[in-house]
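Chains: A, B, C and D, in written order; residue numbering restarts at 1 for each.
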Amino acid sequence: MKVEGQIRIPSGCAIAAVISKEGKKMSGEKIIDSMKPMHDRSNGLGGGFAGYGIYPEYKDFYALHMFFDQRATRKNCEVFLKERFEIVKSEIIPTRKIPSITDEPIIWRYFVSPLKSVLASMQLDEKEFVARTVMQINTEMHGAYVFSSGKNMGTFKAVGFPEDVGVFYKLEEYQGYSWTAHGRYPTNTPGWWGGAHPFTLLDWSIVHNGEISSYDANRRFIEMFGYKCTLQTDTEVITYIMDYLIRRQGLTLGEAASVIAAPFWSTIEDKTNREDKEKHMYLRTLFPSLLITGPFSIVFGFDGGLMALNDRLKLRSMVVGEKDDKVFIASEEAAIRTMEPDAENIWAPAGGEPVVVRVKDGAF
Amino acid sequence: MKRVYVNEKWCLGCHLCEYNCAFANSGMQDMATALKGKPIYPRIHVEENDTISYAVSCRHCTDPICVKSCIAGALSQEDGVIRVDPEKCVGCLTCVLVCPYGALAPSESGVMQKCELCLQNSCGEPACVKGCPNRAIVYEER
Amino acid sequence: MNQYVIIGNGVAAVGCIEGIRQEDTEGKIIVVSEEKHAVYCRPLISYYLEGKTDLERMQYRSEDYYEKMHCDVLYGKKAVKIDDASKTVILDDGSALPYTAVCVATGSVPFVPPFSGLDTVSKKFSFMTLDDTLALETAVTPSSKVLIIGAGLIGLKCAEGLKERVAEITVCDLADRVLSSILDYDCASIMQKHLEENGIKFLLNDSVETFESDTATMKSGKKIDFDVLVLAVGVRANVSLVRDMGGEVNRGILVNDHMETTVPRVYAAGDCTEGDDISSGQKRVLAILPNAYMQGHCAGVNMAGGSDAFSNPIPMNSIGFFGLHSMTAGTYFGKEDGGEMYEEKTDRKLKRLFIRNGYLTGFILIGETERAGIYTSLIRQKIPLDSIDFESLKKTAALVSFSPETRGKMLGGVV
Amino acid sequence: MGVEFIYPEFEVIRNDNRCIACRVCERQCANEVHFFNAERGVMMSDETKCVNCQRCVSLCPTRALKIVKSDCKLRENANWQDDTIKEIYKQANSGAVLLSSMGNPKPFPVYWDKILINASQVTNPSIDPLREPMETRVFLGKKPDKVKRDANGKLLCELPPQLELSLPVMFSAMSYGSISYNAHESLARAATELGIYYNTGEGGLHEDFYCYGKNTIVQVASGRFGVHKEYLEASAAVEIKMGQGAKPGIGGHLPGAKIVGDVSRTRMIPEGSDAISPAPHHDIYSIEDLRQLVFSLKEATEYKKPIIVKVAAVHNIAAIASGIARSGADIIAIDGFRGGTGAAPTRIRDNVGIPIELALAAVDQRLRDEGIRNNVSLVVGGSIRSASDVVKAIALGADACYIATAAVLALGCHLCRTCQSGKCNWGIATQRPDLVKRLNPDIGSERLVNLVKAWQHEIKELMGGMGINSIEALRGNRLMLRGIGLTEKELEILGILHAGE
């Protein structure tokens, strides 16, 4: 049976996220709990989390979370990594044996810094170099898979229900200022650890619910720029698109949202602010192939914040709530209530309207 | 009032209007039965020379000289439409003598007939207009 | 309130009523009708005899016509005088009708020459009115021999009307040809031949010397036995009312293009008038139905305070006998008058177009009359022949000979 | 007669019970097939002249006529088929190159018909175009690699010239001369009403049609007929015609008989002279020469108009397109081997070039592989027959489609394929005034608008089914396609999976 990367698999999902605008640290416990009332939105074939601000002691190093199929693969990979990076720490990611999570691969993490000499010889900036290296490992190194590669953040994912995955990874032991979570309902796969979400590249992480109809148009476009969509998942392609628009093209989050969930032409034409109108016309004309159609709700995690976004027709549920300095996002209100029974201002953002939450400057 | 107008730029001289007219006013269901093997007496006629062609039918003048001239009181105008009462007409052709458009001609029986815009027959809209393959004849307000 | 008096109840009177009502829906209209019939189509009397129409269908207007037009009709009354001073019309019963404006539409009366012995003829008729016709109808039998004096329009239509009802018809005329008022000799010959083929006998260039009961002795010496005599020698415009009040009268009551006589507030219309003939540029009595209606209408509009001019009258006639139609219009200027003629002639068909000074002034068409109105309009509208393709038009009457612009106006707009 | 005789291809079947001898067929047949036998009072026909254009069939008021293929056949032979043999007879008679019109009629595979479109079920919703917005607008033109900002960080919203289309369909090049004035007027008016473009072809732009310039693509072809500054300035875009799908590798020849009046003036050549478009542009013998012409035209139009380079789909089309994409051209138009023509040598029409589906798939993939897909927009033509062909083309990677045969069909063409005779009974491929007037542009433009609007509805329906509400998201979205009955190689070139995968 084919797994992610060999075939495109549609899936339904649950997503949830929380962030402290004050940068206050939270353990992973609450985000695990949030997934419990949405149990039926997953089918046990994938769950995962991303936490930001969890590695303060290694915040200047790229945290590579990796799956290996066997020891030998890890050995080979380490050789490869050492040619490119200074590895400041290499360790197994702590997990807890539980009956509901089985068949785990070797799960490892490295805190690394690119070798300056290599960067100079390749004429690449640091991020581009890391991104390319991750892409290279994931496409060329059989049995090795980088599933997290940002700084001071990390993703944790597995085949299983998300609440079990959280327990498996002992997330209660991590402290982060923001967390995202994902429970997966793939339609035809036995489940593969690498195929679980969130999907990440560098600091970007995405949890996503939906099945985008523009997938291959987006994929074939973005692959022109060095990205390789090895998993054939929406989450992966959306991550690359966000990376391309924000890191490579220098768009703001709002501008990037206007590309992937562009307003209808009629809406653009009706805009009275000339500058705004011109901007939207421009972005839509310039990046037609990055428009994402079909249902999606995503939470896009980045260094210092989260962005929630629905497709422009709002074909997937997504609600936002607040309490004090915290903002909660989830597929269902029940998930928010689990994290914060007294959440206020619960609302459903309109299609195509990004909700950006940033941690205030200098909070961490 | 809606009238039949012709645009000679688009007239092909195919004469279909004449046949459609004759058929529409035949009261028959089938054109072949109505028109096969006999001369036709349409209320519209195509005039043509080497370079142009166009169809002529009653203009439904606002000040119709034919109505004024009819010695039998058979022609009348109601809501702008000029009609002939075949019961009253004696076929004297005075209307032919006065119509500047040559739009009137006798029927097979000698009684006059003319375009009445297909308002009274089963066609319901001018058959010449409906059947014109090139929209050279139109039925509209001008 | 205005009161309009119309003397006469023919087609001119109807035109007058409709002209008045176009301008004035309130004013009172009184029609003085000598005949005891509602307006009927007088030219249809021959068709009545022929059986092509009947009394009901001969009605010119609907039964409730006068009612709808708010007209009072005084049947069987005759106007004997128009009193200009009191602005009244005096009737034969002595009553007086005050008028704001009056229209004289008295038509014409038959002209009967003083034939010797005419009083010995027992069955003699004019052929002008419905009453004449009804009387004639009862007088003829299938064995009747009819003598018609006059081979003009009236005489010949009468002959055609009687043909199937009687045994024999003879038409005599002083003129050398039939329809001498509208046809030249060649054209008349074609018609005559056709009439003869249909059983009408002619005695032309001849007239009655004397009548002795049922026998007419001709100037040529011929004797003709008959039992019914129809007198259709000619008509005279009925002008007396206007003449008597001092209005100017020639062969008809003189009118201008507003149908005004020379007496203020007295208008005239129809066969009793003498007006312009724009084809000849002269004044003429144009005793034809279309003119009667249009003159009446014009008079009516002007009587009621409107302004209308009937500016392009011409003589014209469409007449057919036994299926052969002739159409004539305008004036036939001969070479001597600077005219020229275009002619097409076959055995049964004839076309003569008369042209002078670059205009069509008249035509005669026999047998082929399709779209003749196009020629008529050339005369009436005085269209210069150099503005059209007359070379093709003279062969075939069709709008194709007009310029595209003219044609565009004619066929592409409201006319 | 004798050895030269070839039995007529068609038979005119006249139902005598229905024929009323109105003679409409006679009046409408420029080939003089029908005539009236006054003695017998019946219509007759000379079938040797019939080209099966169906004009008489369409206008017969009593449906008394039909045209059928003659069943007078040579002895069956799978190798020496009837047409093949008759072509030999014709050439033995004439000694000439055989000429044909319209597109390749041979039974080559039509890949559009071996590709199936996806629809949403359960895992994501289909979209009802009657309820939700469904966007078909596209912009053709070069898209810059990098977003630029001013010193304050504000986006600089400047783009190279773009063509905006209300839907990804345009009327492709047909010259004034090859088609009639009224056909051109119909196309121009329809394009304007639809918010798309029509293309002058290589015959110049009639002065009456400058008013439609905003929706006009003007062509610069190897003959350079009718090209001058005002012509270029009047347009929305300029197309350099390097080749045509129906006759790759050869030029064009409009006989002097058709170079009359306005046609001669518009082409800027003397009346009666043959208009011969050379096979190559004699100033373009290589790709670097093309770049010069592209930039000459950009200079002439002050860089305000996109430059299109149109090529025929030939064997190494992907490499050719790659070269063009780097030549400065904004748009590449590729014309497949089934594209139509007013006249082409039969052998060339039927044997040269490759199908547009394969060419498109190869070019789109190659440009992506080289990372230069954004340099150009891709427009494809050469027998786009329906809304589903459009959807498939877009999903394979085209930005827009060119249609011409479908457009002339809408104008009344019955594909009799004898345009070269100049006696088009439908008033399309002719310059005879009496025939030209048969196409009333009021009707013609209305029918074109109807056709394209109908396609637009269908495109929206198909998109809605796929859960796509904007055509941008369909472009290059090959996952929405599956092949049926195709070989591994064909699937590989098309870049699609087989149905069931």
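As a working rule, contacts are C-beta pairs under 8 Å (C-beta built on N, C-alpha and C of every residue); 3 or more make two chains touch, one makes a residue touch a chain.
Since the structure is predicted, the reported quantities are computational estimates derived from the model, not experimental observations.
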Per-chain Cα centre nearest the global Cα centre, belonging to chain: D
Chain centre separation in whole Å, for subunit D relative to subunit A (CA means): 47
Mean-CA-position distance for subunit C and subunit B (Å): 29
Inter-chain centre distance, subunit C versus subunit D - centres from mean C-alpha coordinates, in Å: 70
Gap in Å, rounded to a whole number, between the CA centres of subunit D and subunit B: 43
Listing of all chain pairs that touch each other, if any do: A-D, B-C, B-D
Subunit A-facing residues of subunit D, complex: 120, 123-125, 127, 132-133, 135, 137-139, 143-144, 146-147, 149, 155, 157, 159, 162, 368, 371, 373-374, 397, 466-470, 472-480
Contact footprint of subunit B on subunit D as seen in their complex: 17-24, 27-28, 41, 58-59, 61-62, 64, 433-434, 437-440, 442-443
Complex interface listing, subunit C residues touching subunit B: 15, 41, 43-44, 47, 52-53, 57-61, 289-290, 293-294, 297, 316-320, 323, 325, 327, 329, 369-374, 376-377, 381, 392, 397-400, 404, 407-408, 410-415
Residues of subunit A defined as touching subunit D within the complex: 8, 10-12, 187, 210-218, 220-221, 223-225, 249-251, 255, 262, 264-266, 278-279, 281-289, 291-295, 312-313, 315
Subunit C-facing residues of subunit B, complex: 3, 5-8, 47-49, 52, 54, 56, 59, 61-62, 65, 68-69, 71-73, 87-88, 90-102, 104-105, 110, 142
